[in-house]
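Letters A, B, C, D and E mark the chains in the order given here, with residues in each chain numbered from 1 onward.
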Amino acid sequence: MTLPLLSVTLATLLIGTVLTFVAKEKARYVALATSVVFLLEVAALLAAYTVWPGPVNGSPGYANLESYSWIHLSWLSINYTVGVDGISLVMILLTAFLQIATVVYSWEETKEPGAFFGLLMLTCLGCFGVFIALDVLLFFLFWEAVLIPMFFLIGFWGGPRRRYAALKFFVYTHVASIVMLVGLLALVFYSGAKSFDFSAIYVAAHGLSPTVQTFLFLALFFGFGVKFPIVPFHTWLPDAHVEAPTAGSVLLAGLLLKLGAYGLIRWAVEILPIGMSHLTPLLYVVAFASIVWGSVIALAQRDLKRLIAYSSINHMGIVLLAIAVYSQLGLLAAVLLMFAHGVVSALLFMASGSVHHTFGTRDISKLGGITPVAPILATMLMVGSLASLGLPALISFPAEFTALLATWDRLAYWVLIPLVLLVVTAAFYLWMMQRVLFGPQRNIPEKAHDIPWFETAAMGILVALVIVYGILPGFLVNVIVNSPVYGFPGFP
Amino acid sequence: MTDLSVASFLFLSGALLAIGLFGILTRRNFILLLIAVEIAMNAAILNFVYFAAFAGTSQGLSGQAIAVVLVGLAATEIAVGLAIVLALNRQRGSINVGEATTLKL
Amino acid sequence: MAVSFGIVGLLGTRLKKLEYGGWIAVGFAAAAMIVGLLVAAAEMLSPGSYTDQSFTWLHLPGSPGTFPNGFSLVMGSLVDPISALMLLVVTVVGFLVMLYSIGYMHHDHGLPRYYAELSLFLAAMTGLVIADNLLEFFLFWELVGVCSYFLIGFYYEKPSAASAAKEAFLVTRIGDVLFLLGIFLYFTVYATAGGGAGWAASGFKFVSGSTPFLAGAMGGNTPLLTVAGLMMLAGAAGKSAQFPLHAWLPDAMEGPTTVSALIHAATMVAAGVYLLVIASLFLGFTPDDRLAIVAVGGFTTFFAATMAVVHPDIKRVIAYSTISQLGYMVLGVGAGFAMVGMYHLFTHAFFKALLFLAAGSVIHAVGTQDLFKMGGLRKPMRVTAIAFAVGALSLSGIPPFAGFFSKDDVLSSVYTAAQSNPAYWPFLILAYATVFLTAYYIFRAWFLAFSGDKSRDPTLPAAHEGPWTMQVPLYVLSALAIVAGVLPFTPSFGSLFSLGGATSVPPTYGTTDLVLSSVSVGLGLGGILLARALWGNGRVYVLAPDSALQPMRTILLERYYIKAGYDWVGLRIVYGGSRVADFFERYVIDGTIHGFERLGTKLSNGLREGQTGLVSDYASYVVAGVIGLLILLLFVAPLIIASLGGP
Amino acid sequence: MSVEELAFLGLAAIAVGTAMLALLVRELVHTILWVAVFFVSLSGIYFLLEAPFLGVLQLGVYAGAVTILLLFGVMVTRKRIFSKEVATGISPFPFALAVVAMVVLAVVAASLPVPVTLVRSYDVTLLSTALFQQYGAWLVLLGMVMLSALAGAIYLVREGRE
Amino acid sequence: MDTTILATFTPELIVLGAALLVFLLDVLGVRKLETFGAVAVSATAIALLAVVADLGFAPLAVLRTIPASSIDLPLGPSLYVVTSLGLVFQAIFLTSALLVSLASLSRPSDEKGSAVFFGLLLMATVGMLFAAVASDLIFLLLAVEITGISTYLLVGYTRKDARSLEAAMKFYIVGALSSSLSFFGASLLFGAYGGTSFSVLARGTSVIGYPALALAGYALLLAGLGFKLTLVPFHAWAVDVYDGAPDDVSAFLAGGSKKIGVFAFFLLFTGPVLLAPALGVWCPAGHCSTVTLRPTLELALGVLAVLTMTIGNLLALQQKEVKRLLAYSSISQAGYMLIGVAVGTAPALAGATLQVFAHVFMKAGAFLVVAAVLGLGVGPRVEDWKGLARQRPYLMLAFALMLLSLAGIPLTIGFVSKFVLFSAAVQAEGWFVWLAVAGLLNSALSVFYYARFLKTIYLDSPPPDAPAPPRLFAPIGYGRSAAIAIAVVAIVAFGIDPQPVLSGMQAAATHFVAIGA
């Protein structure tokens, strides 16, 4: 590995972010250029990623590994360690796509464009960092770094109750990060690793007693779970989504929720499988609760964004379920679904954002028959909804199918819960489409017209992803399963 | 000089400290507060003196030395206190601490 | 193959918003039909073979765990006699409907969308037919569902259409979900069993080489397999509108008539039966399953027919008849003769498409669907009247029309099955009763529409025949509705019905048991005669308002209140429950959070009250702290530490 | 009961009594008189403990200087020297607390049952040697305290003329 | 006196000399603030360099006055001892003094009493420096008293300002009460051990052989010194004093002088006392148990830490005035530092030291910004700061960084210090993990009000009819700008790479703990 590709990419994003902040009115060009370069770099990463290097000294090896000492004391050693495996690569790919899409979507943002695009970039930078960090402190640093730009995005560019939402978001997720941090610290010190390096912790954690593992896993689960979000710690999500500007919602739903799932897989499941096995019933209960609650509440929503937000809770519940069953198939499904949900929810939030500023409201009960006025927008919303309800040949289907199959494999008839809720999910999406897209036209403003080119382009990117990866999920699967965790000894 | 027990002195100094605290808590006149602080301080000095007498060997000397230093310190504190009293009196025409409560909550 | 045609068709129509956009779609459909015919012909030449081509869609390497041989999902095409047969039906009917649409739809707006969706619909159906594994089958199955959703909701500005589309999707979705569960159940049984390395490694394949994939493992009779079979039935019931998931189909008439024709004849509803056939051939049903299938089919047959008896809407009558006829097909499969079901599907496809297209002609001409407003259309619309009559005769099972052969076959197969299991008898009786009803209601419709001298509603426009594009399909389909019944008698075509040994077709097509055939024909003729007696020659039989039959009529018109019941459950239970949950969310969960927030505020303000500004108070906190510390260090701490086991 | 004990008890009683009186009487001038008596009684106890230097120091610094200082303070801040302390509302909390403090300290003191007897005393020479050599640093620090106090206090009480 | 002693006290002497010089110049009739300021800045800077040199910073080896061989010696009868941790604290104290005097250069140059201001500031610093080398309880308390007396007067130095005087009065009364408590406690310890030197205390052999005396003594010392450190419930003065004091003095109080309490706690409760043996048998209410000092004190420290953090944060939650908000936050920060004391291991001490170090920049910096903003005519309430970021983007960026650092957001020194501190608590295992949890939850709680403040500054817009502050766009002065800039650079630079300071503190803390043993 001659070129430190990950650091170079990180540097690209960092420089791009700074330039974006400085560029003021020209920020969007800088942001777009950075995003494109980022995507190319990710492509290079993917191209270079053929096989993971194999276990190193009993710890899972990761590709593109870079490690430099950062803080080194006798009792703790913190490094700048980055590396990727298939799971993180897929998430990075998602980051790159969503970054481009959000930048394009926000093309004509006029309120403080420099800051706006800069914060968008910063969020993506943080997410990228989370996905490549293989050191507790580095991980936590990026994790928190996502928080602040999102806080400002919601708080400054958001809807009428933005301040409340921003605070709620910040505090909720911050409390969760803190519990997570305690868990990670305890993991480091109880395992005797002393090093904050992932591999060192991974190796050392084998020596932990099951009880300790269980408690640690519990702490981590709560910490990551709030980001997921799991019922009943989910109420920050609808508020944050509803009040955030569209680009913010997109990143929130598309990337931030994935951070929780990714963190759980990387820092809890991989390291503490025994602790997890002791808590599996809890995970199941929480997952089922999220699935049921998300769907059922979504049915009662009248705000388009709220509806999508609750459906996110439902989908992330399925992700949790797939992780909880702890099998190759489940983990594959979880990651696939994370990617799928990232793309689909981004598409849906963009569409609902466009609905809002084209028709002046997001209230489903006030909208009606927008299809003839804005056929492109209607198509986008329709594709998003259909993908979200798990239609085959669209991206969610392979993920949901494998997730359900994995659940069946482990839990047998309990799979009926997510299955039944699939119907409910279909119900609220269909109901929404019927009200919003079809039927007689209601409350259509005089000057309403179809969405501008950049919104079309942004959503077009996502629709393309939805369809292409829906038809050919094999590419993603090959990358995902090419990860150390799938080769762990004894992994079912 | 052999019949006095440490407990009796402790009783005395404890009582004096308590009286000092009582004064600080319940009096409102700044000068009374100063006096209350002095009483408490004297309780500490008394402790050093008699513990020095009980301690034996060269350690005891330090106790008396401390007492000497503390007497000086207490006097200095009174002086500073009086300076504040005077400034306060000039400012407000009152040295009642109960009336100086503009900074609160 | 045909999939790609469909997709290209989709693109083509999207590109050109001109009149001839439709023609592009028709062209592709024609191409698909030709390919379908070629495939079928090829299959006839080398009967009973499997041609399987597939590529891996998604693959997990093996590991010592649940899937020692790895886990794969594949996509591929399997051409075997049944799929060839089905392909034939789908592409031919599809092409004809597409052609018909050119004339029928020419005045509608949104035509590009229409042709695109129709093409996709056909493509999805074709894909479903040639799928070589259960997952791919499911994939296209869903796609068929969503296309039907779009097409039923084609007139999306009509709230009823949008609502019907939603309903269709939702109800079939329930079936789909159960179907998915069925897949999982079968997966449990076959994951590592069967040919190759088991289903997990080879991706739900139907066949392995030249034999059915699960041939070795099939034939079990465990509760698990029974449940799995029932789930297949549930899936099929959703798509094929069998009781109790039938409610969506009559409402699906909100779509254009052409769409109805396609859905009812060749695509969507056929998919359900096709699933049952596939399942019965490749997965195997247990005896209990078969009884359940027969029960559902038999009951639905009769149940749907009763509703058709009173309905005033021409399309709804045909729609109920579809449900009823699908019941026959299901009956056939359930009786253990999968190919009999296919046979009826085959013939039904033609005469039902014919009926719909003919009805479409009528609607096109008079602009209403209310039978009681029509009348006397026989004269201005001779072709249509004849075509409708051919379809009706075929439906009624009158020889020599196609329906006679296949329906007779169904009846005799159930009869055969009943010999060994008396539990089949009630359903056989229901099936026979339905023959009578069928003939009655379809001819009631014919007489109402075509007999008499003139329209009962004078405001209707003067009727006329449609353009040639509408007539040609009628001719072709009429011909097929007549000859389709005997086609399987020809050796080459018949080979499509003889799937390598697992044929399960009674030796002759409806000709063995003369008694059974006579009864059914007799019942059919009786029905026709009753219809003529009541409605013939422009007469209208009106039920007296105080008639004892009036409540029954209401029940039938209200479809036994089943839809109302569903709506009630959906609105009151599900939606109501969700409102309650939402209330809980807002006021209990969020309320708790707000409560904490308020508590924090209260605490904060309360504590700040202590910051009185009075220095004596501050001193008193200090003293209180000292006292607390003294107590803690002198009395409490030693106790705590001692209780924790010393220092 | 020896003479020393009797003397101690008497002095202690005077000290406690005068301390309380000083804080409780209404007239500030009386307060200062009682405080002076209090200082003197403590000085007596120091003599009793054979710490004559401290006894003298106590007399000089406290009974002398500090008392004068306080009197001066009273004079400056009062228009009439003999004016009564205004009874201000005393909140029950500090009062209760003060009582509790007394009780707790009494309990603590009472729970020290071991009578340790007095061993020896020191003469002034030894003390001053120690004070200026071994513990000289304390005095240096005390000097700095006084420096600060001096500089600050002078500035604070100086009438601003500039 | 022999010169080695003088050499040992080089930094103290430099600062003391500067203070004397300032007073002398004042007496000589010099009235220019810049002169006094220059003396103060240069003296603290030079002293800082000397301390850093003594810590073994190679490039400054020439300035070294204390040989490495005489640092971190075992405890002896001497009244003072130079430890490397003490030197670190000296550096911290000097840094805060330097920042404040630098910023004070920008005070109005015709201000009265500038000599007293700088002189007392330097004297307070002298006290702090002495406290950092204490090896004797009385020495320590006297040094604290120097700082105390100086700061009481500093708070009241704007003698015409009623608020300032009121603050001084409160500060004085509670301070005098606390020092009498401290001395009473010290006297009890003296009685228990027969001496006040730390070596005597560390031996832990009681003369009277009775644990209650020592425990009571420590309880009183906790209270007396807890006052300095603004521990709850000895905190109430702090808010009023920080509020009423002149702005730069608030910065010094919060950023500098309270830290003396931290080091005093280090000395009393971690170093010497750390391994003090069992004190004897104590039978309250008939339950006899062997009393060991350290665990007993840990409990008290832990309780105080949790109380301080929680109540400090809760108090801040609804606070509407900027200075008081920062004051409350300062109280809660003291709680974090106390965690380090309670845990008492070398890593924990290092963490607490880093937290103290961080706090200088965060809190002193924040108060300096507040001083600058109030100087511009902006009101003292949080709501007066609405949308200020638009008018003063750079100043507010600095302020935001300080608040984020206080809240413990990554890439700031506040994050690193808390991270290390809590890591150390977790690393010590046992019930200290709960301290870490409490600390972390509190830092989450604190995010509430920091975030709200940031929101006000950045997201809110001022009411349209509000009059603009008179000098909104006026420059804030070079000295103040420089001080704020230093604070910001330190916050970010050490936030990104804390290794240099952290490893030094770690080594120092390790030595420190070893001395106690």
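Brief remarks follow.
We take it that a contact is a pair of C-beta atoms (placed from the backbone, for glycine too) under 8 Å apart; a residue touches a chain by one contact, two chains touch by 3 or more.
The structure presented is a predicted model; accordingly, all values stated were derived computationally and were not measured.
Contact with chain A and chain C alike is made by E.
When chain pairs are compared by contacting C-beta pairs, B-D ranks highest. The distance from the centre of chain D to the centre of chain E, each centre being the mean of the chain's C-alpha atoms, comes to 31 Å. Separating the CA-averaged centres of chain A and chain B is a span of 65 Å. Chain centres here are Cα averages; for chain A and chain E they lie 43 Å apart.
Separating the centre of chain C from that of chain D, both taken as means of CA atoms, is a distance of 100 Å.
For chain C, the set of residues that touch two or more other chains comprises 608, 611, 613-617, 619-620, 623-624, 626, 630, 634. In chain E, the positions touching at least two other chains are 138, 142, 145, 149, 152-153, 156, 159-160, 169-170, 173, 177, 181, 208, 212, 216, 239-240, 284, 448. Taken residue by residue, chain D touches two or more other chains at 90, 94, 97-98, 101, 108, 112, 114, 116, 135, 138, 142, 145, 149, 152-153, 156, whereas all remaining positions touch fewer.
Contact annotation for chain pairs lists A-C, A-E, B-C, B-D, B-E, C-D, C-E, D-E, with touch applied as defined. By the touch rule above, chain E contacts chain B in their complex via residues 138, 142, 145, 149, 152-153, 156, 159-160, 162-163, 165-170, 172-173, 176-177, 179-181, 183-184, 186-188, 190-191, 194-196, 200, 207-208, 239-240, 243-244, 324. Note for the complex: chain E touches chain D at residues 16, 19, 23, 31, 79-80, 112-113, 116, 119-120, 123-124, 126-127, 130, 138-139, 142-143, 145-146, 149-150, 152-154, 156-157, 159-160, 208-210, 212-213, 216, 284. By the touch criterion given at the top, residues 614, 616-617, 619-620, 623-624, 626-627, 630-631, 634 of chain C touch chain D in their complex. Across the interface of their complex, chain B is touched by residues 2, 4-5, 8, 12, 15-16, 19-20, 22-23, 28, 31-32, 35, 38-39, 42, 45-46, 49-51, 53-54, 57-58, 61-62, 65-66, 69-70, 72-74, 76-77, 85-86, 88-90, 94-95, 97-99, 101-102, 105-106, 108-110, 112-122, 126-127, 130-131, 134-135, 138-139, 142, 145-146, 149, 152-154, 156-157 of chain D. Within the complex formed with chain B, the residues of chain C that make contact are 608-609, 611-616, 619-620, 623.
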